[in-house]
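What follows are several structures.
Look for chain A in each of the two complexes below; its partner is chain B in the first and chain C in the second.
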Partner chain A sequence: MRMAALALKRKQWEPFAFASPSLVLIGFVILFPLAYSFYLSFQNFDLSVGSDYEFVGAKNYTEAIFRDPRFLGSVWNTAVIIAPSLALELLLGLGIAMLLGRVLHGRPIITALLAIPAMVSPVMAAMAWRMMYGVKYGAINNLGRQLGILDVYFDWFSSPVISIVAVVLVEVWHNTPFMMLVLLAGLQSIPQELYDAARVDGANPWQSFWSVTLPLLKFTMMVGVMIRLIDLTKLFGLIFVLTFGGPGGSTETVAFTTYLMGFKDFRMSYAAALSYVIVGGVLILTLVFFWMQRVREARAA
Partner chain B sequence: MRRFWSATSAALLLGALVTLGWLVVPDRAPGARPYEGQTIRAVVNAEYVKYSLSLVEQDLYDKLGVKIETEVIPLDAFVAKTLLEFNSGGSPWDLVMFGPSNMPDYGRHFEPLEPWVEKLKLDFAMDDIVPVFAKVMLRYQGKLVSMPYDGDIHIMYWNKVAFERADNKQKFKAKYGYELLPPKTWKQWDDAAQFFSGWGWDGTQAKLFGAGASYKPSASGFSYHWWRQRFFAYGGNYFDANMKPLINGPAGLRGLEEMVRTMPYYPPGVLLFESEEPKTMLIKGEVPLLHSWTSTGKRVGNAGESLIVGKAGFGIVPGAEIDGKIVHRPAITPGRGMAVSKYSKKKEVTMKVLEFISLPDQSLKIVMDAKTIMDPWRVSHLRAEKFRKLFPDADKYLDAIEQSFPFLVPDPVIPAADEYQRKLSFEITEALAKRKSPKDALDNAAKEWDKVTERRGLEKQKAAWGEKLHEMKQLGIEYHGDWAAKAK
Partner chain C sequence: MAIALERSVVVTQRLKRHRLWRRVGHALTYLGLAAALVFFLGPFFWIVTTSLKGNEDFFAFPPVWIPVEPSLKHYAALFTRSSGARYFTNSMVLSTLSMIAALVVSLPTAYSIARWRFGGGLLSIFLLVLRMLPAIALIIPIYIVYKFLGMTNNYLGLVVVYTVLYIPFAVWLLVGFLRDFPVEIEEAAMIDGCSRLRALVQVIVPIIAPGMAVVALFAFIATWNEFLFAIVLTGIETKTMMVLVTSFTSGGTDMFYGEASASVVLGVLPAFAVAFMLQRYLVKGLALGGTKG
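== the complex of A and B ==
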């Protein structure tokens, strides 16, 4: 009886014992920085002034949300970059995934080739595109000249609007393969029988897409969009290399502004508060997105 | 017995050879390499600065026996990383490179030099340092804490082909009503930029541009350097005596409006240009005019890359004509200094190294080399015959630098100087990108400056600025609210 109790106890603590090294590591490299930066966000730690700091309550948060036009501007810039990027990535990703779904031979190879951009690091991608966007010697302008649609001196960063277009193009090139892979997996999980049944019922391809593919792909799309949304709010490397937030502050994203506050102005506490404002914003967006989805599903039911 | 004599003869011969070697090789002389076997750690912000130290490395070893281990922290992270170390009360470095405009934030971490000058009988040849650098770059709270390493200022460069072609001169006079000459005022600069923009002013069919500039936002405050040379020529100053920003007054506004208006005459991509892009356009003959760092001159004269060797003119940055007299206000932009860390455990040897790399002949090697981008900061650098003959018209280039010295305007060297500059620079680029009007941009910048002042403590900042204001007055730089309206 006692042996059985001991064995039961062992069964209870054993998993924790095995997991403890990784739990300690996670605690050290993830939880501690998170907790420390949250603590720091309520202080006034300014590295350029010195190592002393004191508690200032929610001052950093109120400044970020109500009194910092540059940060609020960067929220808008991020939204302006996210919206077209997400829409294009979703549409192109879906289109390519559906085309791939029809490929009978060599699909793995074609998929792998199409996924290459997603494998390139954002900094490398940005450097390559910066050269391609180059005035006079850039590949894009020279190709445009061959086609008679662009001047070699066309400046892709001459105005805020064109710069945002340039950033979105790189972002879409870089991340559409991710959406394609996610949606391809989703498409392949839809049973063929449903399409057969739709065809027997006289549905044309468009109706089949609208009534079978889209409803069954909705959850996968939602997951893909959420992952990309979270990813895009952290948009930094591409901006750092491609535009450095310019021209002016037109491509300054929230992550980039946070970097400037922390590592240029050395306002570590304020930068920590900005990071938590961003996390809060993404959390709210995610919850709203899921809530809307549930409401829509409830209505449909 | 024979073996004994052979061994003795060999030993004697060896001894004689060693003694001879000791006497013949000069660096084996008694007292040489007094710090043999010691290595100091230096920190710099770019590979080319590390390279510049390598130019004196061998002589340093031969003379003192010291080696330098140089760590490069990239420019973007340099201030953050070094200050993080210093503010935590230590540093792994003995010799520290820094931007003089950040002196108020770094100064307390540096070892004062004067006590060591006494103790080690150091000679920094202070009289040979360009007076304006000696006055504004080297002291913290009145104490000498650093030596210059890079004497950055802006001078003007022009392509003589553009300015000397007869048909260009004729066309220009017909359009603007005066002779085409290298500009002396900003008005003339803007006219020339407009005139040269968009056509082959070198006689070719190429599409060329009016002038060069660096307007990249945020990081290094490039656009701020371009704006402030107009701003000061129009009578501006950073703050009044009570720390109220004066940047959004008439002088600032006029300067920025001119920059915005003339944007079309600058090359495509200028809004994201850093320091090197316009220099390259100048030496490739794509822009006829540029005011830029003095290191540009060495690229102009480098036949390996420059197409305008012997075809370039050098002069003082334009100014404004006030009451019939031209007021020039070229900028110190901002240079580099070298100091000894207060936390170094090898202060004595580091002081000797600082003295050595600052010696007129050693520092000349550094500032003459085009690859270092380090600029002259000693009077003897400017007068050195081998520098004056380094490339065609090198003498004129060095003279232009020397002519600029009496008019130089320093950065606002008070705590958070870097932050003030970046906030202003950002707003200037907002106006250049037409996201804000010049007035809104400068008003915003002034508000941001107020916030920085408030965060750092108004009284503390006021006291620091008071000293600088006095220093600037001594340099002949004062606020003139009426100049912007009457400047020609």
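== the complex of A and C ==
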């Protein structure tokens, strides 16, 4: 009855008029640039050469996917940074969330304190850590020497492997709090009766974790991992400040390589093509993730 | 009798053991959380103390963890020598303008989706897809267009970009708040002769103001934290705090510790404030990309 009255009063143009300001803006600032960038990716627009350009077909794409060791290397680097970061963020986040679930007093304040790193910008997080990694005055070397663990000033960005470890550590520090918050919300939505039932059936805490907590938390974990995975493919500010891609390009991520291609070498067309390769890659990754999930569910059913 | 006594002894022993285990468990829980707090807050502690140290404290060994005579001279240097005051103001102005613009533009769209299911669900999915879009795919064409229009190194250009980047997130959250809003109140206002837009502004907005404040604070932080567009589109006058901080990295790993740490402290200040104000909404906001530009 009420709905009918509303429908009667509603003017046909109103929904569109209300929605249009933001849609027009999205069209101008997101959709048009994306279309222009797509057009550009088939030209050879290079600002370091000049402002003239011509159609070159799919040359930029074939170069990116088959002939550019730097870009392919950055895909590998990104994967090498993502895999341990995701695993550690998930494990640590779950551990801390479960500890928080057992706390009786002061849970809100502890949670808010632990959440702070996730609110800070990647640039600021990286800057703080870059200073902590500092060779002579950094907190880590100083603490290590004071405790007698390190006997020399150690350069944390001298070798590719250690640099990647250093980047992963900062990334884990920065985003574990997000995973913790998501998993804490998931844990709190599991009804207490299930744990009581498990205890009555004689399950020890370990068993109730495996047969109650984990299965019911699986969906939340999936969502959390998915969000982090998509965000990690955009890793840029952290790298810019912490290593600037070094040493020897070993921490150059896809977003960072594309940035350098566009704003250091000024190969605009090629950078546009790279950004489309990245978008395509993330899309495929997302679809594979969902497909795997469905296959597993189908097998379980 | 003897058997009963023995049994009660066994029971109390078991109870005692149970209580002991529980206490150990609690101790371990708090110990683990204390370790987590040290790991996640330690860097902030170190940055704050470093920003208050005198220059001689940087070189001291054994290291000075807490400065004996804290001084604000690095902040003074940051504000004068590095024009930090200007860039801090830039960040404040940019974030405030984008926050207001994003709210004003997103509210009617959210209303349209919440009340009339505008776009039939497709629009919401479209907005979610936009949130997944990497910023690097947008910066290249936007840079070329802005260069052509002469809009680089310009507040307006940045505010427009930040506002639009924030629309998807703001609409998603606002739709949730508007759906919870009872239609009856709005109808009553409209029966009294109020236009729909006036009902939205004068009746709904005051009531969902707390929800809008949440969206606004996330928008503020997102703009404050944004880096890629800031570094490409700003010039010497329009730099933000994020761009200023990166200028201290030029000195290798041992750089201007004083000013660099002071700028980090100022750069994370809003995040601290918002983390406490938004405790309840952190999960939702972060999941939808509230702090990402």
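The rule is simple: the second predicted complex is superposed on the first by the 286 of 301 C-alpha atoms of A that agree within 3 Å, B and C clash if a C-alpha of one lies under 4 Å from a C-alpha of the other, contacts with A are read in each partner's own complex, and residues count from 1 in each chain.
Note that in this section a contact is a pair of C-beta atoms (placed from the backbone, for glycine too) under 8 Å apart; a residue touches a chain by one contact, two chains touch by 3 or more.
Because the structure is a prediction, the values reported are computed rather than measured.
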Touching partner for A:Ser250 - first (chain B), second (chain C), both, neither: first
First, second, both or neither for A:Ala112, with chain B first and chain C second: second
First (chain B), second (chain C), both or neither touched by A:Leu99: second
Touched partner set for A:Val135, first chain B, second chain C, both or neither: both
Which of chain B and chain C A:Ser74 touches, first, second, both or neither: neither
Residue contacts on chain A - larger count, chain B or chain C: C
Touched partner set for A:Asp46, first chain B, second chain C, both or neither: first
Which superposed partner A:Ser159 touches (first chain B, second chain C, both, neither): first
Which of chain B and chain C A:Phe263 touches, first, second, both or neither: both
Chain A residues contacted in one complex by chain B, in the other by chain C: 134-135, 155, 157, 244, 263
Parts of chain C lying in touch with chain A, wherever the complex brings them together: 25-26, 29-30, 32-33, 36-37, 39-41, 43-44, 46-47, 50, 58-59, 61-63, 105-106, 108-109, 111-113, 115-116, 118-119, 123, 130, 132-145, 160-161, 163-165, 167, 171, 183-184, 187, 190, 196, 221, 224-228, 231-232, 242, 245-246, 248-249, 253-255, 257, 260-261, 263-264, 267-268, 271-272, 274-276, 279, 282-283, 286-287, 289, 291-292
Chain A to chain C touching residues, read off their complex: 2, 5-6, 9-10, 14-16, 18-19, 21-23, 25-26, 28-30, 33-34, 36-37, 40, 95-96, 99-100, 102-103, 108, 110-124, 127-139, 142-143, 145-146, 155-157, 173, 176-178, 181-182, 184-185, 223, 227, 230-231, 233-234, 236-237, 240-241, 244, 255, 258-259, 262-263, 268, 271-272, 275-276, 278-279, 282, 286
In the complex, chain A residues that touch chain B: 46-51, 69-70, 134-135, 153-155, 157-160, 243-250, 260, 263-266
Sites on chain B touched by chain A in the complex: 76-77, 79-80, 83-84, 87-89, 105, 207, 215-219, 267-269, 271-272, 415-416, 418-419, 422, 426, 429-436, 444, 455-456
